[in-house]
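Step one of this worksheet: look at the structure below.
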Amino acid sequence: MIKVKIIGAGGYGGVGLVELLLNHPETEIVALVAQTETGRRMDELYPHLQGFCDLPILPPDDPAAAVSADVVFFATPDGVAMQQAESVLAQGAKVIDYSGDFRFQNAATYAEYARRIGKDPVHKSPDLLAQAVYGLPELYRDRLTPDTRLVGNTGCFAIGCILGLAPAAEANLVELDHLICDCKSGVSGAGKKPQPGFHYPARYEQMNAYRLQGHQHVMEVECALQQTAGTDVCLTFTPQVVPACRGILSSLYGRLRPGIDRNAVWDAYHQFHDDNYFVRIYDRSAAIGTQHVRGSNFCNLIVDVDERTRTLRVIAHIDNLVKGQAGNALQNMNLICGLPETTGLDRPGQYP
Amino acid sequence: MIKVKIIGAGGYGGVGLVELLLNHPETEIVALVAQTETGRRMDELYPHLQGFCDLPILPPDDPAAAVSADVVFFATPDGVAMQQAESVLAQGAKVIDYSGDFRFQNAATYAEYARRIGKDPVHKSPDLLAQAVYGLPELYRDRLTPDTRLVGNTGCFAIGCILGLAPAAEANLVELDHLICDCKSGVSGAGKKPQPGFHYPARYEQMNAYRLQGHQHVMEVECALQQTAGTDVCLTFTPQVVPACRGILSSLYGRLRPGIDRNAVWDAYHQFHDDNYFVRIYDRSAAIGTQHVRGSNFCNLIVDVDERTRTLRVIAHIDNLVKGQAGNALQNMNLICGLPETTGLDRPGQYP
Amino acid sequence: MIKVKIIGAGGYGGVGLVELLLNHPETEIVALVAQTETGRRMDELYPHLQGFCDLPILPPDDPAAAVSADVVFFATPDGVAMQQAESVLAQGAKVIDYSGDFRFQNAATYAEYARRIGKDPVHKSPDLLAQAVYGLPELYRDRLTPDTRLVGNTGCFAIGCILGLAPAAEANLVELDHLICDCKSGVSGAGKKPQPGFHYPARYEQMNAYRLQGHQHVMEVECALQQTAGTDVCLTFTPQVVPACRGILSSLYGRLRPGIDRNAVWDAYHQFHDDNYFVRIYDRSAAIGTQHVRGSNFCNLIVDVDERTRTLRVIAHIDNLVKGQAGNALQNMNLICGLPETTGLDRPGQYP
Amino acid sequence: MIKVKIIGAGGYGGVGLVELLLNHPETEIVALVAQTETGRRMDELYPHLQGFCDLPILPPDDPAAAVSADVVFFATPDGVAMQQAESVLAQGAKVIDYSGDFRFQNAATYAEYARRIGKDPVHKSPDLLAQAVYGLPELYRDRLTPDTRLVGNTGCFAIGCILGLAPAAEANLVELDHLICDCKSGVSGAGKKPQPGFHYPARYEQMNAYRLQGHQHVMEVECALQQTAGTDVCLTFTPQVVPACRGILSSLYGRLRPGIDRNAVWDAYHQFHDDNYFVRIYDRSAAIGTQHVRGSNFCNLIVDVDERTRTLRVIAHIDNLVKGQAGNALQNMNLICGLPETTGLDRPGQYP
């Protein structure tokens, strides 16, 4: 059994991982650690887990929190993993981090990313960056191997954008200097902490765009697409929140290059994704929405060409808490632990 | 008092107009007419109106439905007004139509529109088209005068797109051959009739794009912007539905022309809209969403420039049933009846 | 014009009153006062009010907050009005308080109330209690006259319970020692402040009961019914929250006394309420719900007798922020200012 | 492997069962049958099942629909199973019916039930009633054995009412001639078919009571409690719908008998339910709601005594589509197939 420890276990990223691990045949949770709500049991924080997980939330300095583990997940905000990963790795555990700390492979790229979003550009563990792998199995499966020890799990908005645009980048289908990513998220993407904008009366019947500049997920999309395309990529990203709990619907647009037609697009997407179990491709006649990936690790893509306007349009659907977070992290864990990628993840959600 | 008759009174477009007329100091409802639910009183169909509107829904052939009126609103699907408007006009009434029947000023343009959306391209009353005015006061106020007798009220999605992009078209701010309109609507935009996709369990937690080709509101946006710009316009339009009842959030994108900067954009938008009472302009720091126009006739615009990507981005917010339908129609009525444009409309919604 | 000042203006109780006053022909808001968010304009806190109310939120010690007023509304928590009302009254203003401070007419009753809900039983202004009137126009209209200077506005849950059971109490229809009030509220009843249980992801799809003992609205219902019946009343009250913003649906049950039948019940309810403009009575065939009073000052009652089980069942529907709070308060103001009770309140909500 | 056939597979009751069976280690679905949507694959109707269930919906007269099965579930409306069960049983299969057809053990009781709800009182297969077992494992586990061949699965509202009141009935805690069951359901309880009252715009922000007389679940609750108590039971039942998809919150009230106190109640509930794995008992301090049983087969009970009013109050929480329907049906199947009761059901839902 793979011994798993979760740092930052009390938030949605933690509870989502616990739910998945309860259904995973090869793992055992050995410790739940957090800074807040310490001393309470997980099933007190999340009563639906009563009978399934009665582990306490341990403070970081509790001796029991130092129990050895094979994999440590950091379900923590930016800045935590970059300070703690070194010692965890030294103890022989692998690290999978949910934050932006290990999504870039060198200090200069990290610094640019941090500057764009208004954070300190100096990484706290720059020596670890070279061994970190960007945690998106559909693109980097060959780097996510049993030799991998450190993974920067992909951001929730970034998942849909990258899976939806990488085939176009690889096959040179569109002008890559002017992509549009218009992304709508459910509220759970903002986490567990109550805030005025997510108070039920202020959120029902409310759709809004926010952080129109400096969103933390833009640069990882540009980097992933650049690596895929081998050329520069520039995208305009609009995060939005709508009155739903789960789900991200991303509308992705690029101007078709001359000579590219619907068939070329269709072929490129199938070629890119046909081996990606968790990606399903549809044409524009499909009557699907975010409800159809809810609770599962799937990413559904509607791939469309508007021939009148010469535009590629891809609609990407994920559950932000599964493929957008804990599910994708577990998929990464499976790969770096030598398990089949789909272990513990191969199931549909509940409908409706 | 202006005598008002509503054809198609039983749907959301009808009840929304009745609510507004109850608050309008210069109007009196003389008849409610519809094909279905005839014989029932309006306050039976809509119990919140008990004590406020007990008029019956009359079938079209009821003698009482022939009562003379000063203004007849057609809150009806495509194809109704083009068959009935002529006789109504002949009786001396003015006509305001919610549908696409009178949004284009000649038969050729109508035919192109109809072909694009898969309808019969032959207009039933082509002779009326020349006198029809496109019912968007913010652009065509000078044509919406007491001489006007026939108005084609703007489509709900089109309102936000046009108000949000017309200043850019007029001031030549962006490349007009590749605009993107990514529009998210609440469910009430689909009307009152139950359908599988709008059944509560199938709609909560559901975001989806639909009708990716051939949406009926695209061409009127292109036409309005073309007239404003004096050049061709081509846009990609993505209608989406999210789990809200009211509201349309439209993200509008265009590639900035060389030399255009944030100040030029800001000035152009203010110049265009500063006399438009129902349009309010914000920069990207504004914490606003569709809830803040809910129940009112306002259109709020966040006007933003992404200088890194050289993109104009406008976020337009309306209530689809007020500024997107009945409120805009009443604003048109005020103008063609010689009343102040804001009569009966000058109030905020209720929050939260 | 009646000069109105609002203490505690920044919360839902304040903004709801501002919205109503904007539509009231005889009032003028002279000051908005609060402890928090001071210095910000009302339309900054509530962007839907832009163009309608740009008054600043004044701190209590701001000289401008001392402007004289004819009526001062306390939209504040328990304990505020009982400390400030005396000086406000001394300045010649009338006081309408939203809290529990002035809902009981003597110190002993207040003390019992306070003990039940775990508060300090000593009232801070006991001398004022004798002149305070319980602010429920449908029962105490004869005491809400221009001579009245101090009103304790009815609690949101209490409104539906009292209006729904008072006819039964007056006509001695049911056993009054074992009433059941099962009440479901929308989330706005909990106010504007974000809390874990009202965070959107924790609230959508969530129905729950809470505070099963010691709810602050129980005793005022018992007192009002006791006064109506002339005998003791004892009721079990279950407050619940469901995923809606506005509305309270109250199911009220009492065991029918021998000999009471459906007709006796029906007659008693009509006799009691037929002069109450804002109360509408329906039988059990009515297809109505909270949506049909949403945004309005109406209370709709379904009055039903289950003859098999010998049970009176009344279903009461209100909007908790209108008839349950600001609307009822304004109705009280109209009465104590000598205006028609319905002034500024006589309109339906918007649907859907 | 147990071969399972589902009649009426296309509705929520069918898809919920398919989801659970996909996770059940001892079953195999051999046929999906329905009257409507025949010829389409299950994963066309329910795209979230793509890759998990591509079986076609067969019309009843399709030869493939006659494939032999060990268990046949009727996820059908009233009247279907009573006509088809006999031949299915004759082929050697066991039958589990979701409807009211087999919830009563003799023709006279069935006739009374049918009369109360306005249906034909003549049962079509009266000879089968004696062998039918009422499908509520927590009360009738001893009758749900491998010898059982026919099960009438408990109604969704009835589950919470019975589990919440049976301990009181058994231990003689309350007056059984005047129970109150005030029950709030999510919309999915009404099934998949679009209807005006469940159209999203008509349902968001809508709470309403309906069918105040003659609801089909009342009599099975009375019968189950009567059998438990050994005396007559009479209850008033109020079904309500609130804007949620899943969940039933039931407030259950009874007047305490003299001498019964909080401890006696607490002990009786624990004694009754401590061996019922899917029932969890809480006191009134528990911060739980329907979200905490969502997606699972658990029934959570808050057991409370209001000593001031001498009232027993139980708040029962279930997911109407799991413990209220498919999950309970599968629990019955486990028992009558000799499997551990919890097989395939022993997991929490997803939160939030």
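For clarity, chains are labelled A, B, C and D in written order, and residue numbers in each chain start from 1.
Just so it is clear, contacts are C-beta pairs under 8 Å (C-beta built on N, C-alpha and C of every residue); 3 or more make two chains touch, one makes a residue touch a chain.
Bear in mind the structure is a predicted one, so any value in this text is a computation, not a measurement.
> Count the C-beta pairs in contact for A-C and for A-D, then report the pair with the higher count.
A-D
> As a test of understanding: of all chains, whose mean C-alpha position lies farthest from that of chain A?
C
> Centroid of chain A to centroid of chain C, CA atoms only: how many Å?
Their C-alpha centroids are separated by 47 Å.
> Indicate the whole-number Å distance between the mean C-alpha point of chain A and the mean C-alpha point of chain D.
That pair's centroid distance is 38 Å.
> Spell out, as numbers or ranges, the residues of chain B touching 2 or more other chains.
Within chain B, the residues that touch at least two other chains are 12, 186, 188, 201-202, 204-205, 243-246, 287-288, 291, 294, 352.
> Would you mind writing out the residues of chain C in touch with chain B in their complex?
Residue positions touching the partner: 12, 15-16, 19, 22-23, 46-52, 188, 204-205, 245-246, 280, 286-288, 291-296, 300, 347-352.
> Under the touch definition given earlier, write down the residues of chain D that touch chain C in their complex.
Going through chain D, the ones touching chain C are 178, 180, 182, 184, 186, 197, 201-202, 204-210, 212-213, 234-236, 238, 240, 242-247, 249, 251, 253, 255, 284, 287-291, 294, 302, 304, 306, 308-311, 313, 315, 317, 352.
> Residues of chain C touching chain A in their complex?
12, 186-188, 192-196, 198-205, 243-245
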